[in-house]
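The structure under discussion appears below in the form of structure tokens.
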Amino acid sequence: MRPIEIITQLLELVVALAAAPLFVGWINQCRAWLQNRSAPSVWLPYRNIRKLFHKDAVIAEGASRLFRLAPYIVFAAMVVAAGIIPSMGTRLPLTQVADAIALVGLLATARVFMSLAAMDTGTAFGTLGARREMMVGFLAEPALLMVIFVASLISATTALPAITEHLATQTLGLYPSLAFTAVAFLMVLLAENARIPVDNPATHLELTMIHEATLLEYSARHLALMEWASALKLFNYACIGFALFIPWGVSTRGSAPVALLASIPLLALKLAAAGALLAVIEMVSAKLRVFRAPEFLATAFLFAVLGLLVHLLLGA
Amino acid sequence: MVPVLHSPLDACLTLLALWGLIGLAGLLRPTSLRYVGRTLFPLGAVCSLALAAVALSSLGAPTERAVLILGLPDLPMHLRRDALSSFFLFLLGAASAGISVFAAGYFRRGHGTSAGLLCLQYHLFLASMGFLLLADDAYAFMVAWETMALSSYFLVTTQHSLAEIRRAGFLYLLIAHVGALAILLAFGVMQGGSWQFTFDAMRHAHLTPVWAAAAFLLALLGFGAKAGLVPLHVWLPEAHPAAPSPVSALMSGVMLKTAVYGVLRVTFDLLGAPQWWWGVVALTVGLFSALYGAVFAAAQTDMKRLLAWSSIENVGIIFTGLGLAIVFHGAGMPGLAALALIAVLYHALNHSFMKSLLFCGTGAVLHSTGERNLGRLGGLIHRMPWVAWLTLVGALALAGLPPLNGFVSEWLLLQAFLFAHQVPQTFVNMLLPLGAALVALAAALAAYVMVKFFGVIFLGQPREAALLRAHDASVLERIGLAWLALGCITLGLIPTQVVGALRTVVRQLAHVDLPDPTAPWWLLEPLPGRLASYSGLVFLLAVAAVVLLTIFGVRLFYHQRVRRAAPWDCGFARLDPRMQDTAEGFGQPIRHIFEPFFAMTRELPSPFDRAPRYRVSIADRIWQRLYEPLGSLVQRVADSFSVLQQGRIATYLLYSFVTLVVLLAVVL
Amino acid sequence: MAGVPLDIQLLNLCAALLLLLSFAMLSQRRIVNLVNLLALQGTVLFIATLLIAWRTRQPHLYLSAVLTLALKVMLLPYLLHRLIRRLEVYWDAEPLLNISGTMLIGVLIVVFSFGLAQPISALASTATRNAIGIAVAVVLLSFLTMITRRKAMSQVVGFLSMENGLFFGAMSATYGMPMVVEFGVALDVLVAVLVLGIFFFQIREQFDSLDLHHLESLREDASSRRSE
Amino acid sequence: MEFLLLLGSPLAGAAVLAVLGARRFAPELNIAFSLVTFLAACALTVHVVSAGTLTFARDQFFIDAFNVFLVTLTALVGLTTAVFSRPYMRVEMEHGRVRAPQLRLYHSMYQLFMTTMLVALTTNNMGLLWVAMEAATLSTVLLVTLYRTGASLEAGWKYFVLCGVGIAQALFGTILLYFAAEHVLGAEGVSALLWTHLNGVKGQLEPKVLSLAFVFLLVGYGTKVGLAPLHNWLPDAHAEGPTPISAVLSGLLLNVALYAVVRCKVLVEGSLHSALPAQMLMGFGLLSVVLAAFFLWRQRDIKRLFAYSSIEHMGIITFAFGMGGAVANFAALLHMTVHSLTKSAIFFTAGHAAQKSGSQLMDHIRGLITLSPTIGWGLMMGSLAILGVPPFGVFASEFLILTTAMREQPWATPILLTALAVAFAAIFGRVQPMVFGETTAKRLPHPPALLPVFLHLSLVLALGLYIPPYLADWYRAAARLIGGG
């Protein structure tokens, strides 16, 4: 393992951990602007997390060890995921260990544990949330997998860095298949990260909530980890999007170590744009009924498969 | 006893014979549970371990043959142990070791059948499966095959006083027998005019493509009936719940795999050169079964039924891989064929561990609560932590989550799919991505199912007061569960070694192979050159490291104070267990999304109902659309025939008169 | 039929008579007459046997002629008559198929059996070769009689006349079977009739009638059978 | 010597039992005579195995590879059935269904029936064969009506008339055979009907006549075999007679009749050089299998059920003989053996079961296994064996037959497959609730004799797993004798 790889790896992790809450903050900022109300500080998520860490944890009676273990596992899963998505550099040792499929598995693990923890307390909303979370998951996961498949068919590999490099280094070609999958990916992203139109991160409106319902019983440090984890999740998804659809500017093999430094501001730019885009989407679209969510995701799945077929038909 | 025998085959036969003896020993004191449970079953488990050891050690060993004096006059029973048999023998031994230990603790109070008889049937079942894997001629194979079906049938109908269990047993044996007839005909085709029923003769028989195809389809029909492929699956969700849990484990974990063995043996070994379109057939059937099974599993409310349906799903996935392998083999892509075959074998092995583990887990639950209905369970993780945590391993593995074993095989399968797009037949090219999508969907559904399964049984609040008195499993049961769980974890962590072992099998079976790995021992890189690698071990280490660091960090910078309080639940005051999501509730989205699959009957209360009742029951459309009409058809034919025999003697005389005249007219 | 020796003419006459008799049976509904016809048939058979014996000078044929006389002309009709008297069955019910229709079928059968016998008689060296066809016809006609009758008694008569037909067939084709067989057959017929006798009484005491429609309860199309 | 004993002992038995048949020790006497017969048969077998074909009484009787094993089988089943009938008939007496005179009739006729069977098997004279077959009918017909119930009378009447008429056709066939033979062998009477002689000259026999003869013989003996559509007497006779008789009818009579058919087929095929007889056999076989399978579906009476299953199996055997060839003939012979063993064993258990629950209706027979496990398991195992589940011998023969059919007559296999599946569903679906579940059975005054059942079943099991070489050679020799194909 050469030093540059270690550096890249650590950089990825640190940046992810550090920037994830900011990204959430930034999205809220944009939304506030669009709704022309005065926004809370972009640093609010950090303060939240810090506050929560200081509080005493309250654990529901009848909650088992699983309940207390889950936040750590979910958090860890997100961190590792962040470690294998080439957001700045492709020289990531971890990516040998876990390729794109493993990444999907990792996200699934996090989801499963989150749902199990939600069921553990045996509350009405907990189980409800768990069910809905899994419902969203089992439709979003294959869609995401298909999205990744298209990319890895194009570059004949399932290793994310290789995909990114392949897409980044070659001359800019138009991939109609990627267009389809990009749409699919965007829908998956919205669903998986509990954004409008599938879910609303901003409310605890009981009957419609999905993601928040699974966190209801958590408090203090556990909640902090969960919040941080979901922030990381959003960040990760964004980075997956970058890696697949706008991979340019990532420091690839062969490129000088300096490129790594150059890629940081570039990432920042991408994130800013993505945040704005998300905010806009959330502004213009209305929340769906929960029953409609499957149709939304089925569409996403369909788009992804279409992308796959298009790729095989046109060879592009 | 292993070292004293000079050849592995002898060792295997000895162990099988020992199984038989142990079974017979059960008849000495049939009613004494101490004797049968504490002595014989553990002995059986020891044999299983020995078998697994022998098989594993002989995996690479050269093929060996033997001929028994038993059998038909011109056809003494031939035996043959090659890599494929060794692999499945290992599967049998390793899985049954855990199950037998569990069973030793499981069979407590007498079921319908006496313990001794149960012991006999159980070990006969094991022995017949072992013999099946060694058989090298059609007759021996069929004898073992049907003995297996028969012994398992008797095990299924242990509690024969219940009508629905008898019904389940009947359905099972009927379909098994019909399948066996199909297999028989397949052999009849394959012996190809040389009246030799040894597999060697079949290997050398030259069949026309038509005959070969007929043989394959017959075999697929026969083995598919045993494996529970849709639409021949109807017996499975009936028989598995009916059987005692260790038996369900054995049936689902091991017996279904013998069907896979059969198809592999016939397709790649006996028929030799499969044609690509056979693969398409297998692939389609497999995919459909996978989806169908997953969907129905998600909608079940009986925990063993749920597992049974999930078995159908996994068998579907296995056959999908099989079909893929055949397609590649037929299209002349040995590397990918090898990859797909390895995925198939790997998944078979995994499933035998995961599903046995889960069935045994449900067995423990069933014992301490007497409840199979998910609607009456819950919160057991507090009362029976051992079972809960060990079952969790199985559940996560079956959900296909890294770093456990379920993920690895699905990973391999998806890799195979991913590089399938160079198949010459274009429409197959179009089909395969859809296949990949369906596999992914099925896998995701499996996760959903497992969350439902584990969450409803072990988490939340107990839905019945009786559950508070539930007790944890006995020591032997724990050992059994632990062994199986260990298997799930190990197989997940050392994929490279497993794949290495499987390569020898595949090489010997289909003469296809993967390129030698260039990666280090801890890294699984099935197709060097293609950048696709995975390492369960390091993966686990990474996650664990982060978890520990986080815990440590939190402990370091903050505090560990914890307070217990009533759950908040959005400030809802009185919580009671009935507010939790039921199994039906958990199935609701699935029923909603996959409505066309089900034949549903709903009972909705009116909004003004004083005591509202909501009831929904689902049924298998295939049963209604295929089997019931079939039954009534036979009935109708029988009725129409019965007119022939209406009791009047003159009519009977007329029959023979007419027969006579007609025949005379014929010969004239 | 000039040039044909007298005994052959006589034999052919017998054959014709046999055929006539079986047609008569086919049309006859009075059981007593049926039995008489049977006896008559036996007599004709006896004469035919004698003629053949005389012609071929085979001693064992005389024996079988005597056998015929004893059994088919005397014993059986006697037994049957006694049965009829004891059981008071004089009339058969309306046959299942009306007489004229039965006759028509009978004629067809005769044609068929002549065609059937063609190859055989072509081969036969016996003087009576032409009679073979008639033998076949008699057998099939008695078969038809059994089919169309309702009373057990008349079925038995049909059965016995079938035996006659067979016997005549054996005679005309091969001048009779080996002695062992002849005796065996005769024995069997005798026993058969005795068994029948026992039977009838059993049936009578069970159903107090010999009408066969009592014997139609064992059947498959009936929805339910009574248990023993 | 043994031969005289073979035929003499049952004949003597018939005479003696006609007098003493109602005494207390009559059943034991019955067993004793059967035992003597069996021993004689065994001794004879040893002879034949060592010395080859034997003939007796100026070639009137002979024993070759084909019939010797049938003789042994017949004697064996005769013995075991006698053993079984001892407690069975006693129970019938106590239930008042049988009185002393009938018992006497029963015992003496039983022995007489055995005699006729053995004569039919061992005779060399086609005419005598016919006589014996007719005698077999006559000796059993009164046994079928033993209970004097309306149903049994009806069954007996149908049995008598249908088989009588059938056998009459067979006589005509025999006459034609004789007629054809006479031309070749000359009219020196006796030898013209001897099978061995006919077999010697079968090439020269007039084909036309023989084909006509075969039709008559087939219809005639086929009626006794129970080939559809000539089978109608069979279920009634089986169901209404006493169970031991059902056992011997299924186990022996059908075999012997089939034996006769095959003997004829050998001659005819030899002269015809055409596939016509084979096709006829196959046609009858298939028709019987299919019809029987679907009739099984509706049965409610346990003995009727297994009677139909007999028809089905006779169909299978006939089909196999029709296919001909070494393998098929071998399989058919094996199937004859295992079928008669299994089926008689089933009838034994069925008889006891019916007695225990006081009804032959299957709906009234429940949960045998709880009160009398041996009978329960016997019935279960027997039914599984007859359904062709390995490792029982029936499977061995069906294995060979089906695989042969798959190559030789592929068109027939779907039919066979359907029929077998339907039969399985029908029989097993009926047997399972009788064996399992809550019981309706009650204790009997006399302990049932289960030795025969398990003797038969273990024999069948053994045949499924291992056929001793001399037995195999024996079958092969027989198969060669039948030839064909």
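Going by the order they are written in, the chains are A, B, C and D; count residues from 1 in each one.
In this text, a contact is a pair of C-beta atoms (placed from the backbone, for glycine too) under 8 Å apart; a residue touches a chain by one contact, two chains touch by 3 or more.
Keep in mind the model is a prediction, meaning the values are calculated, not measured.
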item	value
Graph distance between chain A and chain C, where chains that touch are linked	2
Pair with more cross-chain C-beta pairs in contact, given B-C and A-B	A-B
Remotest chain, chain B as reference, centres from CA atoms	C
Centre-of-Cα separation between chain C and chain B, whole angstrom	69
Interchain centroid distance [CA atoms averaged], chain A/chain B, Å	35
Chain C and chain D, separation of their C-alpha mean positions in angstrom	30
Distance between chain centroids, defined by C-alpha means - chain A, chain D (Å)	78
Per-residue multi-chain contacts in chain A, two or more chains	none
Numbers and ranges of chain B residues touching at least 2 other chains	639, 641-642, 644-645, 649, 653, 664
Residues of chain D whose C-beta touches two or more other chains	157-158, 161, 165, 212, 295, 298
Complex contacts: residues of chain B adjacent to chain A	378-379, 381-382, 392, 396, 399-402, 407, 411, 414-415, 418-419, 421, 429-430, 433-434, 436-437, 440-441, 443-445, 447-448, 450-452, 454-456, 459-461, 523, 530-535, 538-539, 542-544, 546-547, 550-551, 554, 557-559, 561-570, 572, 575, 577, 579-581, 585-586, 588-589, 592-593
Footprint of chain B on chain D - complex, ascending	157-158, 161-162, 165-166, 169, 211-212, 214-216, 218-219, 223, 229-230, 232-233, 276, 280, 291, 294-295, 297-298, 327, 367, 369, 384, 387, 389-391, 395-396, 399-400, 402-407, 413, 417, 420-422, 424-425, 428-429, 432-433, 436-438, 464-467, 469, 472, 475-476
In the complex with chain C, residue positions of chain B that touch it	639, 641-650, 653-654, 657, 661, 664-665, 668
Complex contacts: residues of chain C adjacent to chain B	96, 112, 115-116, 140, 143-144, 146-150, 155, 212-213, 215-222
Residue ranges of chain C touching chain D (in the complex, touch as defined)	116, 119-120, 123-125, 136, 139, 143, 146, 152, 155, 159, 162-163, 166, 169-170, 173-175, 177-181, 184-185, 187-188, 191-192, 195-196, 198-199, 202-203, 206-207, 214-218, 220, 224-225, 227-228
